[in-house]
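Consider the two complexes below, in which chain A is the common component and chain B and chain C are the respective partners.
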Partner chain A sequence: MTTVLRSRFLRPSSVLIAGVALASLLLPPLLDSGKQTVFVLFTLYVVVTVGLSLLMGLAGQISLGQAAFYALGAYTAGLLAKHGLPQLLALAAAPVGSAVVAALIGVPVLRLRGHYLAFATLAFQLIVLTILAEARGITGGDIGLGGIPPLLPVLNQGQDSELDLNSPLVYCYVGWVVAALVIVLTRNLVRSRPGRGLRALATSEIGAAASGVAVGADKLKVFTISAAYAGLAGGVYAFFLEYLSPGSFPILLSIQFIVMATLGGLGEVWGAVLGAAVIVLLVQILQAAASQPGLPRQAPAILSYAAYGGVMVLVMLFLPAGLLPAIRQRLSRPSS
Partner chain B sequence: MSALVQYLISGIATGCAFALVATGFVTIHRVTGVVNFAQGGFAILAGYVTFSALRAGLPHGVSELLAVLLATATGGLVGVISIGRRGTPLLASLIITIGLGFLFYAVEVAIWGDQPLQFEGVPGVFGLAGLTLQRQYVLIVAGAGVSFAALLLFFNRTYLGKIFTACASNAYAARLAGINVTRVGIAAFALGGLLGGLAGVLLLPLRSLTFDSDVDLAVNGFAAAIFGGLQRPGAALVGGLVIGVAEALVAGYSHASYQKGVSLVLIVGILVWQASRRPQAD
Partner chain C sequence: MPPSQMMLSATDLTRCFGGVVAVNGVSLAVARGALHAVIGPNGAGKSTLFNLIAGLLRPDSGTVALEGRSLDGLSPEARARLGTAIVFQAVRLFRGMTVLENVMVGAHASTHHGFVEAALRLPRHWREEPLIRGRAEQALVRAGLAHLSDRAAQSLPLGQQRAVQVARALCSEPRLLLLDEPASGLRSGEREALARLIEELRAEGLTMLLVEHDVAFVTRLANRITVMDRGRVIAEGEPAQIRQDPAVIAAYLGRPTEAKSVASGG
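Our next item is the complex of A and B:
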């Protein structure tokens, strides 16, 4: 019995995961409200990056428009909630909206072999940003969409003991729960038969097809799932900020998701978490460094471009599998 | 009527520049299989170098030549980094070119700042059949024409050009024939840098110069390049002209902000069309 317990529940990876979960649950109350906002965004980035990592690692495709699906989810949830739909339903509609759009553009583009998806998704994001900025009657254009109702109720409204649940601290846990759901879902997905087929797909498309994997359909599934994750994260983002504008979803955000996914390790659920954590910390450090007195006004921009570019190039050249596989390899090697 | 001719001419000129960017994509993709996301950056870099060279007092011609040479060298460098290591997978090479594009941004913002700059091309206008046209348009069309003629000669008549074609059609056989495919790939990147740089020095005097306008150039160039499935330079020229003219007409006859949508919708449209034509294209 003890050996079973030990082998099933006390494996180093299980302990580590439990530790990460516990630490991330205990962390938010220790942060000030600015850092809590960073934590909320981190959990949302984890959700998007897990999806993108799946797409890049399993389907071998790259999406330069993941922020567009994030934006679509955000605007779907924001607009529906603003026009009277219950907030939870609006949040549930966010991933659906992004997934439907992804399926529509994925059908033609994924039939082409090669890296057409990269530019098609880049073009798609530029189209989405243009539409969001031009459709002023619906989205508020460049001025933005305000007045999105909060996700959570205000308890005992109007009384002394009034408690607004929509604080950054509460959203830290909303984001945590969403991220945890996505991580569990993705782990099960990767281990299922379709997941194994997809892993075969990433290694050799022809080999996978010959072994009976429906290459085109499976690629489309992953692309759609990754878009749904981005849409879900976008939905939470809309309720968290209660305000949306096209400027919040630049191409740079899509690139940031790619950096997070490649840094952690493609096709690795926990790699996406690690990649997102490292980049969020790096951005915090860079912002602190760039706001030192005496530096030019462009210093933050220069540093962040250099960091994103540098990380992408160096990781691809020297750690092509990503951080997590490299760490795992180092640990499993007997120390001599 | 005269407005229409005016739009057509400006569209053809811009289209020629897009075609140069597109040919850069095609040249690199044919030999290496990599879609080079830094392609628009070569043009912007050449534009900035021309700006600084002119500011430093160098004459026209010399400044542009210097800029194109630097873009060529940068292209070669991008090639060395993205495909130089043996066994770099295609997806990795592609991500490396995106990363290098961002390093361009960092360097450009550090040197030239993030505000739009402007540099002079060929000044003046000329009259033709009652129309007034900018001389720069003529220069772009002539420059692109000469480049395409030179490319045609290069690919069909020179030994190096034939090596390029050999690597493009069958890299394995080319290696068996004693060709260093990686080195040819790096040369293809340099040629891509040259073409991008040419597009930059020709087109950018008509536009303002900002570090992130490479996205616009790259998207238009890519849309032109996929006319020929990223394989045929001739189709890229046609594609560039179609996009340039379509954008000029849209900007002329409707809202200028719809102009950018043209290439984006075209990209999606062409991809859908190609997918329906060739269910599993190579």
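Our next item is the complex of A and C:
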């Protein structure tokens, strides 16, 4: 029995999952609208981080340009909706747009490994940002893309009362549903034949290939899936803000995703959720501290850079496997 | 025996590394149901030959065929789908996975459900998963590892890690099992257990190619032995013949002139 408990892929008890789900459903109405906005962004970060954690932890690949796929999804949804496509279709097109780009660049880029792959994906994001800033006729350039219609209808209740469904509170639940969907799909994938193949190829590509795992194709698929998740999150982001600009998708955002995935525990679906939650809370605290009167205007940004760097160093030193595996190990130790 | 009755036939394989001809015009044929061993002193080119046959290295010239079907240019995963399985000398177990999960990966070659079917839990996922699990559990029983199935694979001692690899290979239900120095680094008890497992598999009619340094281990198990020295085949025959072959004795004791004259003669 203890060996079962010690297994690395111990399922977090269903009770705990149900508790997290319930708490996160009850939380939004208790928040003010500023904090609701933070909650929406949190759910979107969870979606991106789950994909990145899958890519880094299971397929052993790295992407320093995940925010580029987030941006591509956002612009895909924003542009299509602005030009008349029904909003839900535009949202559905967001992950497709990012996935198609990932599948195309993945063919050459995934021939690279380690640092080279990291730099190639970083360069990819810089290229995407440059294109978004320069293609003024389409994207609005640095000024941004405005006038994106809201995702949900504005209900007309008689003469002068309107019910606008597009409040931050409603987007909290839109984000929640998207995150839940991504978590369930990913968890299903991990615990299955293709998921085992991915976990295998992360350790030994030769060993996995000799067992019949299509190593190259599977790596490309995971890269594409992680891009699709980022694109889906970007699509929700576009409708939520109704305005996009290249400045919303800095390299720092890509680094933030990596910090979230690594902190939570690579290859762990719930680790991505935990990592995103911890970093979002940390950034909130830092921003409150950095916006005290008397501090320079750049203080919040500088503090986040310092915080991401500090968190990475601490994780590497003390939690190399990440938070969730460490907690799990601590919990299972007394019984072994 | 006509080629069609051969499970594996390698013809005229050659592979150079820089100026060194590691494998030089080697041919061998493994009959269906046979345990064919390749032996030779250090540096004879056994491992290179193994990698050429397993598809992990490309030959400079020569061909490899499985039941008459050419394997040339096929990737390791394509070869796995055709029914070959490999037990590596360097233990390539998958970290962070249990023994059972490691063995379940072995079923990859002969099962099909993919990303979408797994993520959406479509019918084929539900059909195949219990099948894969059942086969893996059976393979673990065969390898004497059933009691370890929930352990982390990388926490096991070397002998058991090798056995996990054998179980993973068996889980694919291979037609041809390729073993690269499976006894190297094992203690005598572990070696004995491995020899018994290989004997059982041979008795069940599994075709195996075994590359091994340890002559005693091989002569006990194999039906047929190919002896290599310096990249060439210097003798081939049944274990009893091989034990008395002067070229083989010379190669192992290091009298190259005699070995050469026999090699060119046969």
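Brief remarks on what is shown
We take it that the second predicted complex is superposed on the first by the 309 of 336 C-alpha atoms of A that agree within 3 Å, B and C clash if a C-alpha of one lies under 4 Å from a C-alpha of the other, contacts with A are read in each partner's own complex, and residues count from 1 in each chain.
Heads up, the rule we're going with is that a residue touches a chain if its C-beta (ideal position, glycine included) is under 8 Å from a C-beta of that chain, and two chains touch if they have at least 3 such contacts.
Because the structure is predicted, anything quoted here is derived from the model rather than measured.
After overlaying the two complexes on the shared chain, residue contacts for A:Ser332 are found with neither chain B nor chain C. Contacts of A:Ile127 after superposition on the shared chain: chain B is touched, whereas chain C is not.
Looking at the shared chain after the overlay, A:Ser33 reaches neither chain B nor chain C.
Applying the stated contact rule after C-alpha superposition, one finds that A:Ile225 touches chain C and leaves chain B untouched. When both complexes are overlaid on chain A, the residue A:Ser211 reaches chain C alone and has no touch with chain B.
In the superposition on chain A, contact of A:Gln292 is made with neither chain B nor chain C. Shared-chain residue A:Met316: touches chain B; no touch with chain C. Within chain A, no residue touches chain B in one complex and chain C in the other.
Listing the residues of chain C that touch chain A in their complex gives 54, 56, 75-77, 80-81, 85-86, 88, 92-98, 101-102, 104-111, 113-115, 118-121, 125, 128-129, 132, 150-152, 168, 172. The residues of chain A lying in touch with chain C in their complex are 3-4, 6-9, 185-186, 188-189, 192-197, 199-200, 202-204, 206-215, 221, 225, 267. The touching residues of chain A, counted against chain B in their complex, run 56, 60, 62, 64, 105, 108-109, 111-116, 118-120, 122-124, 126-127, 130, 134, 251, 255, 258, 262, 298, 301-303, 305-306, 308-313, 316-317, 320. Listed in rising order, the residues of chain B touching chain A in the complex are 33, 35, 37, 81, 85, 88-96, 98-106, 109-110, 113-114, 215, 219, 222-223, 226, 230, 257, 260-261, 263-265, 267-268, 271-272, 274-276, 278-282.
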